[in-house]
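Below, each structure is written out as structure tokens.
Look at the two complexes coming up: chain A is in both, with chain B in one and chain C in the other.
Up next is the complex of A and B:
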């Protein structure tokens, strides 16, 4: 028992993420308790907005994993978000009478996103194209999907009893439901679901990136050719991570559809495609913690700016992205954390893992 | 009858190819020479369209003069952007992609804030050309002429001028070229400005054909990116011509039978298949072919 506990601690506290000190874990546990107690005091509006911030965390974590740890940049995570959201709406809308209809829809939606990514990824990674081609084609994918969904207005565009809805979007999507609990838009149940999913995903991915597979992934990022020579199937690993990131984006898409009971093409357009990249880059793509924090913070910032018009929110986001790339290429949170940490506290060899070295990163 | 169908197909092909060439050419020369992708290319095209609309509706200039204003304006903007931003990312291609995406967001949203959601339109020049029983749009045929002309000018610049030779040297081996006294920085600056000016020209030329809105760049970049990916960066002229021609052969019939959207899907599928077998695009394949032939000639 004691040994297993130590193995878990080592896996969580491996070199691939920030925050390994007891102080960090103290704050982490306090924050967890705070999040779990929040519904007792917060308004239902505050609860619902916090859900709308947190539900994007899986998509951002997926991109962080893909870009920060795997060295593969994708501008098309919104495509998988949208695919999963729409598939969830289609399946759940057609299975409204069945008891586990929304659970089936959840599984189908995430599987569809992962499958789409695997097929797309096969062409991208087995061709061993240079790194800039992948983000461009991902962006093209999401733009084309957005255009496609935009022209599906009218009665001829329906699957079973669900209308695709064109620019107005798909409406009346049922919320997730497990037995008697319904995870509706403003419900406390959805809040707890999203909080638990966020925490488990964060901890799980932390174990994942510190596992043997995670180290191989980082090796692929830093030097794909050498990793290939060491006998790893680099193309296959890249397709796997791409599919995993797509599945995480898909999870966000399902949570979004379940939260708003609504899905529309603008979740896949150019502006929507930019956001995950901004959240990941501004916080620091090589740290899962930074990705989670910056996603929530930037969603909150955009929400408060959007009061005076969404164009101001997007303008500030664009400026933030540009400033980050110019002055903090590794991300703002990662840079601050690095400046904070006293050299004596760092374990030797553990320091470089989350710092960009400026080379590699070309898939 | 048969001749009419053929003429119609040719017209569709020319229209498609002009669009692909004009949308992608600027990106392609920047990629070929500097090895950087400007994700704000669509917004540069949008800026060109806005400059044209402004100088046409407010300045009352004739359309060709508007096009010149757009080219110069967007070219100067590219010049400034290269000096202040792009040159910091020559070592970090993915960083350049992300940073220019920030630029794209700032441009489209800034224009939205300044000019509002739409802009006064530029009237479409109605020149009709009748061949036999079918009639064609003269303006769109002219666009094809301009696109081919732009490629020809580019070819002349690259192969028949001193700066062109220096540019090709910088493309082949930037370090060696710098050692021979070629001013690489200046070549990169001029290339980026030229690519931006081409985006401005594209915006000016297509301003009469679409509604001018802040997000209009999106309609250009998807095909532009596909054309660039399929063409590859090894040689902008070979890449742009082959990829635009092949892609229009695929998309023109698809688009005329089942709509623009299916045409774009066809383009994406074509791009995926091409990079699966020719990861460097057509121009990379042609370059490898030439190198192999030179190697075979040198061998005993």
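Up next is the complex of A and C:
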């Protein structure tokens, strides 16, 4: 028991992410308590806004895993977000009144996103597609889906009782429900669900990237050929992580549909396809912590800027991405963390591998 | 080692290529090459630049696909197998230019190489051999040190250890001593000999004739993608053709 506990602690605190000091864990626990106590003092509008920031964290973490750790840049995360959101709406909408209908819809939606990514990823990676072609093909997939969903207006585009809705979108999507608890848009229940999902995902992925598999993933990023020559099935590993990232994007899609009771094609347009890349790059794609923090921060920033017109917000996002690429190629949060630690570094060589870029990496 | 299947050493060909051919553009890098390597052998491949030595390694390891011909390993046709399956069958390559994971620490590098095998599959032999190799090269300390901070020779050695971690029956070493000092070369030569003594079959591509003299019992000379001479080192060094096209150039 004691040994297992120690193994878990080592995995959580392994070298593949920032934040391993007791100070960090102190702040982490304080932040967790703060998040859990927030509903006691916050307004329901504040709660709902916070949910709308946090629900994108799974998608961003998936991209961080795929791009930062696996070296594969994708503009396709919003495609899987959209697939899962629409499938959730379709299944949940047709199963209203059925016990556990929304749970079935949740599972079906995430499975659909992962399956779509496995098929698409199979052709990408077993076809030895590489370099900039991968993100471009992902973007094409996203835009095709957005265009397709955009023309599904009219009564003929109906699955069971649910209308796809074209550019107006799919409406009246039921919120997630477990027994008597409904995770509606402004509910405290949804808030707690999203907070718990975010925390568990973050900690779980920390263990994951510090596992053997996580190390092999980073090895694929740094030198796919060397990794192949150590006996690893690199193509299969890339398909697996692509599917995992899609499943995480799918989880975000389901949370989004459950939160807003609404899904429309603009969740897959050019802008939506770009945003996850910006959140991930600006914080630092090679750190899960940086991805979580920058996603929430940039969502909050965009939200506050949207008051003065939405185009203005996108301009700021674009400028941030440019500034990051020029001055902090490893990400702002990662760069700051490294500068912070350097003077007090006690263990030489205990640094993370946050230098761009690996042989198998794009961008 | 050789008695594993109860067969005598010389009759068992661990690796055999038949009429192996590979062209790049209009140039035949490997030209209908027949090569046989017995289990337990330690053999050097020498030849002038462009003779096809590294290409031959990349065909055996599966990095390149042969245009024609066949490769047999342990009697099985592996010509069309992907590289990782060849590693699982027991072939591992150390690249010509050092290829370790520079951003990862020494222990993380080893973790990647060992990741395929659960603890149950790592028998005492392999683990002991790896530990011995790491100790020989002084890589058993400072496990947290990033590989990029290691001197060049240590990076070469680390890559050999990564290859050993896959528990190969056939180890392909492409210029293992490039850029090493004479002392480091001697240490590497001693290590290669002892590793071979423990049963690993080893093929070495090497330019440094000092190193070849230190390790080789058998030498194969390649020229324009073909074998032009094969035999014990002394006979090769006395061979007129070889002296003319290769040794004479030094």
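Of note:
As a convention for this text, the second predicted complex is superposed on the first by the 348 of 363 C-alpha atoms of A that agree within 3 Å, B and C clash if a C-alpha of one lies under 4 Å from a C-alpha of the other, contacts with A are read in each partner's own complex, and residues count from 1 in each chain.
Following the convention adopted for this analysis, a residue touches a chain if its C-beta (ideal position, glycine included) is under 8 Å from a C-beta of that chain, and two chains touch if they have at least 3 such contacts.
Everything quoted here is computed from the prediction, not taken from an experiment.
Look at A:234: by the touch rule set out above, it reaches chain C but stays clear of chain B. Greater residue coverage of chain A by touch, when chain B is weighed against chain C, goes to B.
In the superposition on chain A, A:216 contacts chain C only, with no contact to chain B. With both structures placed on the common chain, the touch criterion links A:256 to neither chain B nor chain C.
After overlaying the two complexes on the shared chain, residue contacts for A:226 are found with chain C alone; chain B is out of touch. Shared contact residues of chain A with chain B and chain C: 358. By the touch criterion stated above, chain A contacts chain B in their complex at residues 73, 75, 120, 123-124, 126-133, 135-137, 139-141, 143-144, 147-148, 151, 269-271, 274, 277-278, 281, 309, 311-312, 314-315, 317-322, 325-326, 329, 358, 361-362. Chain A makes touch with chain C in their complex at residues 15, 212-213, 215-216, 218-219, 222-223, 225-234, 347-351, 353, 355, 358. Across the complex, chain A is touched by residues 61, 63, 82-84, 87-88, 92-93, 95, 99-105, 108, 111-113, 115-116, 142, 144-146, 149, 162-163, 165-166 of chain C. Those residues of chain B lying in contact with chain A across their complex are 37, 85, 88-89, 91-95, 97-99, 101-106, 108-110, 112-113, 215, 218, 221-222, 225-226, 228-229, 261, 264-265, 268, 271-273, 275-277, 279-280.
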